[in-house]
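Read through the structures below before going on.
Look at the two complexes coming up: chain A is in both, with chain B in one and chain C in the other.
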Partner chain A sequence: MAEEILTAETRLVGKEAARLDAVAKVRGQARYADDLSFPGMLFVKAIRADRPHARIITLDLSWAERHPRVVCVVTPEDIPGENVVPVIYRDMPLLAVGVVRYVGEPLALIGAETPEAAEEAAALAQVTYEDLPAVLDPLEAIREGAPQVAVPEAAEAGNIFTHMVIRKGDAERGFAEADVIVEGEYRTGYQEHAYLEPQGVIAVPEEGGMAIYGTLQCPFYVQNAVAAVLGLPLSKVRVVPTATGGGFGGKEDVPSQLAAMAAVVAAKSGRPAKLVYDRAEDIISTSKRHPGVIRYRTGTKRDGTLVAVEIEFYYNAGAYQTLSSAVLWRALVHAPGPYRIPHVKVDAYSVATNTVPCGAFRGFGSPQVIFAHESQMDELAGRLGMDPLELRRKNALREGDETATGQVLTESVGLPQAIERAAELCGWKGLRREVDEFNRQKKFRRRGVGISTVMYGVGMGAKAPLLDKAGAYLKLEADGSVTVAVGNTEMGQGATTVLAQIAAETLGVKLSDVQLAPVDTSRVPDSGPTVASRTTTVAGAAVLDAARKLRARVEAAARGFFGVDEVEISDSQVWPSGEPGKAVPLSEVAHWMWVHNWDLGATGWAEGAPVDWDPDTGLGKAYFVYAYACHIAEVEVDLLTGEVHVRRFWAVHDSGRIVNPALARGQVAGGIAQGIGYALMEELKSEGGRIVAPSFTAYHIPTSMDVPAEFVIEFVEAPYSGGPYGAKGLGEVPLMAAHAAVANAVSQATGGRLREYPALPERVLELVEGA
Partner chain B sequence: MRKSGPVEIVRPKDLREASSLVREGGMPLAGGTDVFVRVRKGLWDPPFLVYIGELPQLRGIEPREGGVEVGAAVTHAELLRSPLAAQLPVLRLALSTIGAPAIREMGTIGGNVANASPAGDSLIPLYLLEARVNLVGPEGERSLPMEDFILGPGKTALRPGEIIRSLWIPFPEGKPLPYFRKVGRRRALVIAVASLGALFWLRDGVVEKARLALGSVAPTVLRPREVEKALLGKPLDPGLLRPIADELSRLVNPISDIRATAAYRRRVAGNLLLDAAARLPRA
Partner chain C sequence: MRIKFVFNGREIEVETHPGRRLIDLLRADLGLTGTKEGCGEGECGACTVLVDGKPRLSCLTAAIQAEGREVLTIEGLRENGGLHPIQRAFVETAGVQCGFCTPGFIMATYALLKENPDPTPEEVRAWLSGNLCRCTGYQQIVEAVLLAAKYLRGDALRVTRNEKTP
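So, the complex of A and B:
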């Protein structure tokens, strides 16, 4: 990207535009999955396994079929195409055959005239099983003689789905050179996405094919899955995302499963079929953040210079692969943290167990290891008698440094600035003194300040570069308004607004003249999945490319229109250069172009910059660019009850150029809240492979009372030459950084060391009393 | 399993009709914040519901000689907004921790009492203030002290056809220091893992009289009278109260459940007494 675009004066990029979807959402006009209804629509209910691991002996659906309002019952034999939910591997069947591998696995489907009838009929299904030994814990699943959970073709060995490594330098030599070494095991549990809108889709048969409407992040994944189960060409399946009430990764792969289920019912009955989960079904049967068992050993010189790290971790993937290998890869690359470390050894494992498959969740495998690496940094600081901020400052990656995978960072490394700015905003030294003073005065309360620094590889990275591409289509309408078509979804993050800003900026039109076309896979270009904090960066670059082409054409036409050599366009006005008095509305030029048969459309294309990776050593250019953040949290711990309150929070991010600061701050604030929940309260209990109490009465997420009154959010912008106007990704980073700052603050306040999430009052009281 | 099909709601015109409908097996429905949740989950399966939430006889907040009579269908939010609540600070403290604003606008004090949960937050101040439950039923009216009305988790002394009409809340003598603290997994919209409410009457820097009530640490809200007595003559100094706090920990009878272990509840029960002492003025 040309240098000038990074420094150019902008009209709209970098400004706080209101969200394009705000009015419809505030007025209640946005239509979510369950708001849609089609004539003759059936309601789908899955019959699910209630055993973690068992052979299916009989499946008797005769009573269910006799229910007067049941229209059709679907078993594996009724699937016209392949019985599979294709994700990365093809090990997960749409409907279980022979064996069930987790509680909640779908066995058969009911299509009925009402949701109540579908539910009643599902309860009439009679299944007999022969129980098989189940294994629920990843460390047990890899023991010799453990029951085989993984479908063998999808696993590397036994229940190990995937094992990946980094081997850089010589860890053993590194530790031999180290003056101080710390070691620890960390554990994290499930995290539930808690999107406001549960999963839901509707499959509607149409001429020779199937249309899918639903709440989802990745329309092209869904298209692929539905085509596979129906045995249809991709061209006969179209996917239309509805207004989507939150995703956070939970609507990356899971909607493929729902859509495929609804589609087979629709195909068999010839009628539209709706499948919408209630919260309990959603919690029991959909993906969550992988629980982890994580072991670290980190060594430094006496002056705090990091020399070596050795990491081994196990993620509980659940019964099928789904996205686990991709999640594991991001975890692998992010495990050493945003530091210069010459000797790195990482072993990452994802392990099959008889539990619900885990999947994508904001941060995608990285928050677990970030908890560990940021805890290690604080433990080291303690042992070295060094300020934890100083330790990070000393080791933080700078431009020209090499990452743990041996990638040289040639540009856009804003981490040192982020650390300095965060320290400045909170008044680090004074804050620590203030806290010490408070702690001296109070008998039963202790405050603590925690810091975390993180890096985030933007986009899909070197393990799936085939997905890091995006197409865009722009059309100048004859009245000067502009339609933008991309295949990314708006799930509340503000993507459509940001893409419209990029289009309007580049074309020289008013933001209000730009409209995003509704997404429909049959009508918009494939711009890849809406994941990996990639939409602004990659789809934005495609929009920019299309907008430049279109602008060049409009300029050429305008030169003809005015009969001059040079024209200028801004704010939907066009004028001959140097003669602003002759400005005409762009609509006039657009109309003139239409009359004179100009091509008013333009396509754009973008690809992530090249990446590479050697699976044997884990070395290579893992991601084309990284985003960075430094978070600081102040907490207060009640020593009598173990309750923790996050009092204040400072967050500084480098995500390159910020296209819309208001939306960016919203992303950061939301991520901080989710991070507070992850560190302090979110706990999903299961017993014998069954999730107990799948509701928000038992699974607590933070309320407005649980987030700090004071939130300071800022951006240091280290522009990225490959991103539109210098933008990098942001979406996932805030959550990744926030929980670790809170965890470190809790440890500091209690004088103990938190090694397991969540820091519930009971666990914190143990820390207090053990300290 | 969710109940399928709607449950009928009947609207009686007065208390008499309400009582006879309840006698026929109908379940009283006030704010519905417990009823709807449980009916939907299939935990309760009443033949029909009797909506008493707007019966005028249940809606008043009436100051009387020495106290206030609060209609059973008065919502937590109404009570918090009423000037009388200012005279009962311990009630205010407890009510303002119930659920979140929406729940407080819907949920009623009568519903909270009838529900008889050991975690019912309004129960703590009602025990402390030695409130009475006024009942009306087919055999006329009667009145019971809170402690005799609540028999166990979800169990009350309500007889067939009886409805809670009101709560009689006497004003305490003098100006006791109020304390209420609810410990939970987050700061709002949460069920108590353990809670302590207290009234302390101090004279010359020592406790002259004390009442304590604990939630979620026994099958019902608990008044630990031994501990109340042990506090007499002691200053509110957390440094000196550790043995009494330990005694309190021993006395409670909690269970382990999805929210916390019994051991934690026991520990916190005692600790909350120290917290009260640390937070309240010493004289």
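So, the complex of A and C:
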């Protein structure tokens, strides 16, 4: 990206434009998956295993088939293509054959004329099992003699799906040089995405193939999965995302499974087939954040300079690989934190157990290790008698530094500025004094202030660079309006608005003249998955590329139109340079181009800058650029009840140039709320491999009363030369930073050390008593 | 059985049965899908509609309870054919992200502002605590409600918003 774009005056980029989809949403006109119907549509219900590990002896669907409103029943033999949900590996069947590996695994499908009939018929299925020994805990699953859960071809050894390492410097030597060493084990549980719209898809047979409508993040993944189960070429499957009511990673790979199920029912019956989960089915059967057991040892010099870290962690992947190897890789790279550390040793394991497969969730494996590294930093600060902010300031990565994977950061490192700005906004020293004063005065209430600093590798990174590409197509309509087509989805994050701003800025048109085309895999360029906080950066760069080409063409035409050597375009007006009085609306030039047979379309392409990685040492250029954040939380703990309330919150982010500050603030505030939930509230209980009480009655996410009344959100913008107008990713970072700041605040308030999420009242009381 | 009620300002008569939920009557039988189902057990508030001006969870309300009453859903909320001031405020403050919870929040806000035209931020937070949102962290929703209150009181013909959060 040219240097001038980083410093250019902008009309629209950096401005608080209203969301393009907001009006439809406030009117109730946006169409989500369950809002769509098709003539003759069937309703699908999955028959699911109720054993964590068992051989299927018989599967009797004769009663279900006799239900008067059942139209078809689908078993593995009815799958026309391959019985698989392809993700990274191909170990997960669409419908279990022979063996079930987790409670909730689909066995067969019912297609019925009403949702009630589908449900009734599913309940009539008779399944007999022979139970096999089940293993639910990852540490038990790696013991010798543990029952084999993992499909052997998908695992490195036994139940270890994947083991990855970083070996930088010499950790032993590092610890020998350290003056202070802290050590700890940290545990985190499941986190449920709790997107407000449950999963849902509709498969509609059409000439020659299948169309899929649904709530989803990755239309091209779904296309691939449906083609595989139907045995169709990709060209015969098209995927059309509906309005999507939240994703957070939960609609990355899971919709492939739903779409494949609906598609096989639609293929067998020849009728449209809708599969929409209720909340309970959604919680039981879909991906979650991996529970983790995480061990850290960190050493510093007397002055607080970090010298060595040794990390070992185990993530519970569930019964199948799905995205776990990718999640583990991000966790590996992010485990040492945003610090300069010469000696690093990391061993990361993802382990198969007889539980529902875990997957992508905002932060993608990093929040678990961030809890640990930020706790270690505070424990070190305590041992050193050093201010925790000072310790971070001292070790935070700066431009020119080397990361834990040996990557030299050559640009766009806004972490030091983020720390300074956060400290300034909250008045760090004064705030700490205020809290101490409060704690001296109150008998049964304690306040605490916590800080966290994080880094985030934008995009897919060096393990899957093949996915970090994006195409875009722009079309100037004959009336001067503009259509933008990309394959990324709008799930609430604001992508369509931000991409439209980039297009309008670059073309010199009004934002109101730009419309994003509805995504349909048969009609939009492949711009990769809508994940990894990559859309603004990578798809935005593709839109920018297309817009520049189109603008150059419009300028060439306008020169002919005016008969001059140079023209200017801004705000949908075109004029000969230096003669703004002669301006005409762009619509006139566009119409002239149409009449004179100009090509009004342009394609754009972007790829992430090259990355590399050595699997033996874990060293290399892991990501093309990083985003950073510093969060500070103030909490108040009731010492009698153990309840924690987050009083105030300060968040400063470096995500490069912010394209739309109002939307960016919203994403940060939402991530903070999700982080507060992760640290304090969200606990998904399971017994014997069964998730107990799968509902919002038992699984509490933050309400408007659980978030602080005072949020201060700011951006320090360290522009990235490879991003459109200097933009980097933002989406995942706020959650990653927020929970750790809250956790450190709880520890500070109680005088104990929180080592397990969530900090429910009983756990907080233990901290208070143990302090 | 047939029931009669005023639906979004118009009297209608529909066939239903005692086991039918109000949300199914609205979405499936009347075909208006603006009212959303997020949990089906009254925990998330996405299905909030107004019955005689009071917020009701349509997933826990029997359709026959609409008999003789006035039911207002997101589709019935408009002013002079355009956006209602509450809807406008949600657009202007970026109080909408994925939008799935939005109709429920807007209907709950409508009921709040009828009852209390000048709520404090604390009152807004307390009133909306039965509506879950997973995207926004509630900040811009609270801003939207306070802005809508100003619009409805008529003391905000031109509201200029701060560039930064307070």
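Simple rule for what comes next: the second predicted complex is superposed on the first by the 771 of 771 C-alpha atoms of A that agree within 3 Å, B and C clash if a C-alpha of one lies under 4 Å from a C-alpha of the other, contacts with A are read in each partner's own complex, and residues count from 1 in each chain.
Throughout what follows, contacts are C-beta pairs under 8 Å (C-beta built on N, C-alpha and C of every residue); 3 or more make two chains touch, one makes a residue touch a chain.
What you are looking at is a predicted structure, and each value in this text was computed from that prediction instead of being measured.
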item	value
Touched partner set for A:712, first chain B, second chain C, both or neither	second
First, second, both or neither for A:760, with chain B first and chain C second	first
Partner chain in contact with A:169 - chain B first, chain C second, else both or neither	neither
Which of chain B and chain C A:76 touches, first, second, both or neither	neither
Which superposed partner A:35 touches (first chain B, second chain C, both, neither)	second
Partner chain in contact with A:620 - chain B first, chain C second, else both or neither	neither
Chain B versus chain C as contact partner of A:585, first or second or both or neither	neither
Partner contacting more residues of chain A (chain B vs chain C)	C
Touched partner set for A:703, first chain B, second chain C, both or neither	both
Residues of chain A at both interfaces, chain B in one complex, chain C in the other	278, 697, 702-705
Sites on chain A touched by chain C in the complex	16, 18-19, 21-32, 34-35, 193-198, 243-248, 278-279, 491-494, 661-663, 665-674, 695-697, 701-705, 707, 709-714
Complex contacts: residues of chain A adjacent to chain B	116, 119-120, 123, 278, 443-444, 638, 640-641, 643, 645, 680-681, 685, 692-693, 697-698, 700, 702-706, 760-762, 765
In the complex, chain B residues that touch chain A	1-2, 4-5, 100, 183, 185-191, 193, 238, 258-261, 264, 267-268, 271-272, 274-275, 278
In the complex, chain C residues that touch chain A	27, 32-41, 43-44, 46, 73-75, 78, 83, 87-88, 90-94, 96-103, 106, 121-122, 124-126, 128-142, 163-166
